[in-house]
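Residue numbering begins at 1 within each chain, and the chains themselves are lettered A, B and C in the order written.
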Amino acid sequence: MIAFIIKRLLVAIPVLLILIIGTFVLMYTAPGSPFASERGVPPAVLANLEAQYGLDQPFFVQIWRYVVGIVTQFDFGPSFIYRDQDVNDLIGQGFPVTLTYGFWSFVVAVLVGGTLGILAAVRHNTWLDYLAVGVSIGAQVLPNFVLAPILVLVFTLWLGWLPGGGWQGGQWQFIILPVIALSTSFMASIARISRASMLEVLTSNFIRTARAKGLPMRRVIFRHALKPALLPVISYLGPAFVGMITGSVVIDIYFSTGGIGQFFVASALNRDYGVMMGITVLLGALTIFFNLLVDILYAWIDPKIRY
Amino acid sequence: MLATKAIADDLATAAPIKGRSLWADARARFFRNRAAVAGLVVLVLVTAFALIGPFIAPWNYEDIDWNVLGNVAEAGRPSLETGHWFGTDALGRDLFARTVQGTQVSLMVGVVGALISVIVGTLYGAIAGYYGGRLDNIMMRIVDVLMSIPYMFVLILLLVVFGRSMLMLFIGIGLISWLDMARIARGQTLTLRGKEFVEAAVATGVAPFRIILRHIIPNLLGVVIVYATLLVPSMIIYESFISFLGLGVQEPLTSWGALINDGAAEMNNGTLWMLLAPLFFFVVTLFGFFFVGDGLRDALDPKDR
Amino acid sequence: MTRLSALFTSTILACAISVPAAAQNTHPVTGEPLAEDQTFQYRLLDQFPSIDPQLIEETAGGHVARQIFEGLLTQNADGTLRPGVAEEWSSEDNQTWVFTLREDARWSNGEPVTAQDFVFAWQRAADPATASEYAWYVELSQIRNAAAAIAGEVGPEELGVRAIDDRTLEVTLSQPLPYFPQMTVHYTFMPTHQATVEAHGADWTRPENIVSNGAYVLDEIAVNEFFRLVPNTEYWGAEDVIITEVTGLVINDANQALTRFQAGEFDMMDDLPAGSYPRLEADMPDVAHSVPRLCSYYYTVNQSESGHEALQDPRVRTALSYAINRNVITDQVLQAGQAPAFSFTHWATAGFELPEIDYATWTQEERMARAMELMEEAGYGPDNPIELNLIYNTSENHRQIATVISQMWRPLGVTTVLNNFEWQSYLEIRGNQNFDVARSAWCGDYNEASTFLDLLTSNNANNDGKYANDEVDRLMAESVALADPQPIYTQVEQILAEDMAILPIYHYTQNFVLDPSIRNWAMQNTENNWYVRDIYRVAAE
């Protein structure tokens, strides 16, 4: 197991390098520049801007400097658009935000979705089952950019219970609506997956044996059926993680949380090379790490899997 | 039971028992699943809507109704007299025609995207799974590497760099999901490779590529079809996210994502039909794909429930 | 008097004296009862890239700069000039200007604001090493050696501005400019504290480092989320500042912002959702406002070789302009009080007189008929159709207007291909003349017609349509020297209308919603320059 982890971590390094180079190349080919302005920048000023940000250097020099900066000092460079800020500052502000509501969304999605799915499977073909299936498909299909404004309409304007946006350092009132908006579709997916897998497990032989032996249903579910039923859910967690990062863009835009999802999209559209590279590297590293975590979890649950 | 002579005679003269193929079995199981059939019916109806709609709509999708413009909350309501059966959008263009056109675009993006995904992924996975060994290792490592990239952001970059066209949209969206498909195809191929008929083909000297094309892939089809039906909804959802960012199809063309976005923006103005019409088709179609996909999976699964 | 009554009387006297000090809750000038809560919150569409005055290049940063920094002059609610740091200003020939600074102007760290601070700031703006995207504004102000300094030919210390002493600033222009004082209101000319900038470099605008001289200082900022300002106790006018806290909330989505405004989360927002104004005006008439704003919306026509050849014929351009039914756009699409435009310069520009433009008075049927005739004369029409490539940047309003106009051009035999790009790509494409027609807008940098008309001179960097007319160039060059250039401006507009240099569409209004308890908002300021130190909140009735 340890060898496996080390091997994966070692592979991560070239992966990140490829990621950096690939994103750099794409950015290079994009039309437009971060310094384009409707008012026309004088050539001498433009030359200075480019020199300040190192854009006048040849392509390979730029990449080299960038990679060295990251590896030796963990410094992702200045932001090309927010001239008062560094990329480290922006990521340092935005990442904890996304992490917080992302984490809670995950917890909610897994707990609520998993419970719903398992309940539906245990009460198969009852009204609870049909309700769960209907609700989960509906929730999976409702886009979160429709759900977010509806939530604000209901909870901020009509009921006045919760603020409609902002983050204010992460107080609980500001976390609730983003978490609901983000977790809903994943909760639905997890509900469907856990229901299907639990149904499969419940009809398998070893469960039938357990029940034939007279074990109470509760014991059967928790001690015997749960672990294997969760396997597909766990392998779904990897794609769910990537999906949540994407979904966080909508959350950031609608709820003005200052998270990194929005920074990324804005930086792509504004050609803020520094921020874009920084966030790409960060997210790439996170995804690799998370996938590794999922694989370890998988091995822990399924004793047949050996790395 | 005692075999009486009567029964024995019956048996002799009865028609030979026709064996049922796997596909016929699956089809029977599928049609027994009410939810799946309902889903199929819905999909057929929506496709019919997309194909026939342009011919029956009194308005086309880009003409502005000058009488409605400026007074949309009142004059733009759904009504039979004005010919705006679904009402109009914020610019006074007929919503029925635009929903039809949006359905065409979204279905195309979904289906073509899923198709690209399936073709690329299946071939890739089958090749990796069949050859095994080092080639498999390398190919799957590459898949793992690519899976670490947040694909949506690459798509945004692609759209910004290469411009926004339908082709770019198809390719970009299609390239998002082939990785999962590759993994599944590879897994199935590994199982199939051990089967006797493949051994036989190898023994008789059939070229590897022919084996892959003629023996492996047709047997993958079951799983692939199921997965593809479940891919289409995610393609459509991705496309709506791209429209939300303002990078989707160009005006005057539209898609469900763009229509839903516009409708959601107008929610406060008392013009709910702008949101409900495209949202209804969006939700209903995705429901349909999900039920059909689930039904197919149940039908093709050899384990009896 | 008994001891008891003496005690009683003195107690009453004591109360009478202390009460006014404790309850300062009526406005000192108007006497209106003030609310307990004197905070002001407003919404921004997008996070501003910077609040360093020499690096700011867009309006959101400008609004913040106006609260935390103060330039030589500021503006009254009606847009007229008001003393800022400078108490007096004068010039004999409109070429050399002398500004006398007030004694009690202070930075937020207590140091006095001197003329040297302005010299430092202005030189910094012109220094190519600062790489200010608004350096062209310094050039525009005609300060001597500005162009050379920006181009790097001379050092920034050669700029025509010097501090005669701590309280006197002398500015030398390369040619007379009667409206130079108006130009000093702009944020690029605001002073910056040299020691702070040199000590902290790019970090000097952080809340823990920043030193500013306006009515407020920056207290906290979270990018893409919010920022907060608190009063600057060292400000010379601090006693008259009533609002105790300013908060800006960044909310990208206009509908979301409107919902939150209606829930009472903040007091003011502009950039309203497209098409929402009529409903807001009807439902909340004392909350929704529409006031003139010094910007014009128009379509740039590519008259260079890379555009469609038909566009080089003024008859075709004129036909395109005639076919646009501007009333439909202002009354049915925008619906927020905008005025149709037949000239480039905004009608509300100070001193500006519109020329007589014939087609402004015709009916739309007459215009359309004449447009069809012109197209035929030029050799085009439904039997010889044209395909035009129209570009616009991502925005609901631009999309709607482009769609409507493309329909209006159809009877002329013109097919319009609509192309929407996000801002960066759009600027690049437009700057490279890769279009036939481009949606454009221009806002005045100061309240005088030349801020618009200079754009259409042939060598102006922002003249993306490459319109060139020697007469216009000559007249605009002449106008700088005149005491009263208005007749020339009118003449230039006449020529532009005859050539149909651009396709004017409408003149902007500033549409916003404002909580009715906020008073003294600068409603008549067409440049949308508002100062929080002037406003206050009255108590609810």
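Definition applied: contacts are C-beta pairs under 8 Å (C-beta built on N, C-alpha and C of every residue); 3 or more make two chains touch, one makes a residue touch a chain.
Every value quoted in this text rests on a predicted model; they were computed, and no experiment measured them.
Undergrad: Comparing chain centres built from Cα atoms against the global Cα centre, which chain wins on proximity?
TA: Chain closest to the assembly's C-alpha mean: A.
Undergrad: For the chain pairs A-C and B-C, which is connected through the larger number of C-beta pairs in contact?
TA: A-C
Undergrad: Between subunit A and subunit B, what distance separates the C-alpha centroids? Give it in angstrom.
TA: Here subunit A and subunit B have centroids separated by 24 Å.
Undergrad: Compute the distance, rounded to whole Å, between the mean C-alpha positions of subunit B and subunit C.
TA: Roughly 49 Å separates the two chain centres.
Undergrad: Hey, how far is the Cα centre of subunit A from the one of subunit C, in Å?
TA: 39
Undergrad: For subunit C, jot down the residues that touch at least 2 other chains.
TA: Each of 255, 259, 422, 425 in subunit C touches at least two other chains.
Undergrad: What positions in subunit B touch 2 or more of the other chains?
TA: Only 160, 264, 267 qualify.
Undergrad: Give me the residues of subunit A that touch two or more other chains.
TA: Subunit A, residues with two or more chain partners: 31, 149, 153, 269.
Undergrad: Touching subunit C in the complex: which residues of subunit B?
TA: 62-64, 66, 69-73, 90-91, 160, 164, 246-247, 250-252, 264-270
Undergrad: Quick check on the complex: what are the subunit B residues that touch subunit A?
TA: Residues 141, 144-145, 147-154, 156-158, 160-161, 180, 233, 237, 240-241, 244-245, 257, 260-261, 264, 267, 275, 279, 282-283, 286-287, 290, 305.
Undergrad: Write out the stretch or stretches of subunit A touching subunit B in their complex.
TA: Per the stated touch rule, the residues are 11, 15, 18-19, 22-23, 26-27, 29-31, 137-138, 140-143, 145-146, 149, 153, 199, 203, 238-239, 242, 245-246, 249-250, 264-265, 268-269, 280, 283-284, 287-288, 291.
Undergrad: Along subunit C, where are the residues that touch subunit A in the complex?
TA: 47, 49-52, 55, 57, 128-136, 139, 150-152, 202-203, 205-206, 222-226, 249-253, 255-256, 259-260, 262-263, 265, 422-425, 427-429, 431, 461-462
Undergrad: Note which residues of subunit C are touching subunit B in the complex, please.
TA: The contact residues of subunit C facing subunit B are 254-255, 258-259, 273-276, 279, 328, 331-333, 335, 394, 396, 399-400, 402-404, 407, 418-420, 422, 425.
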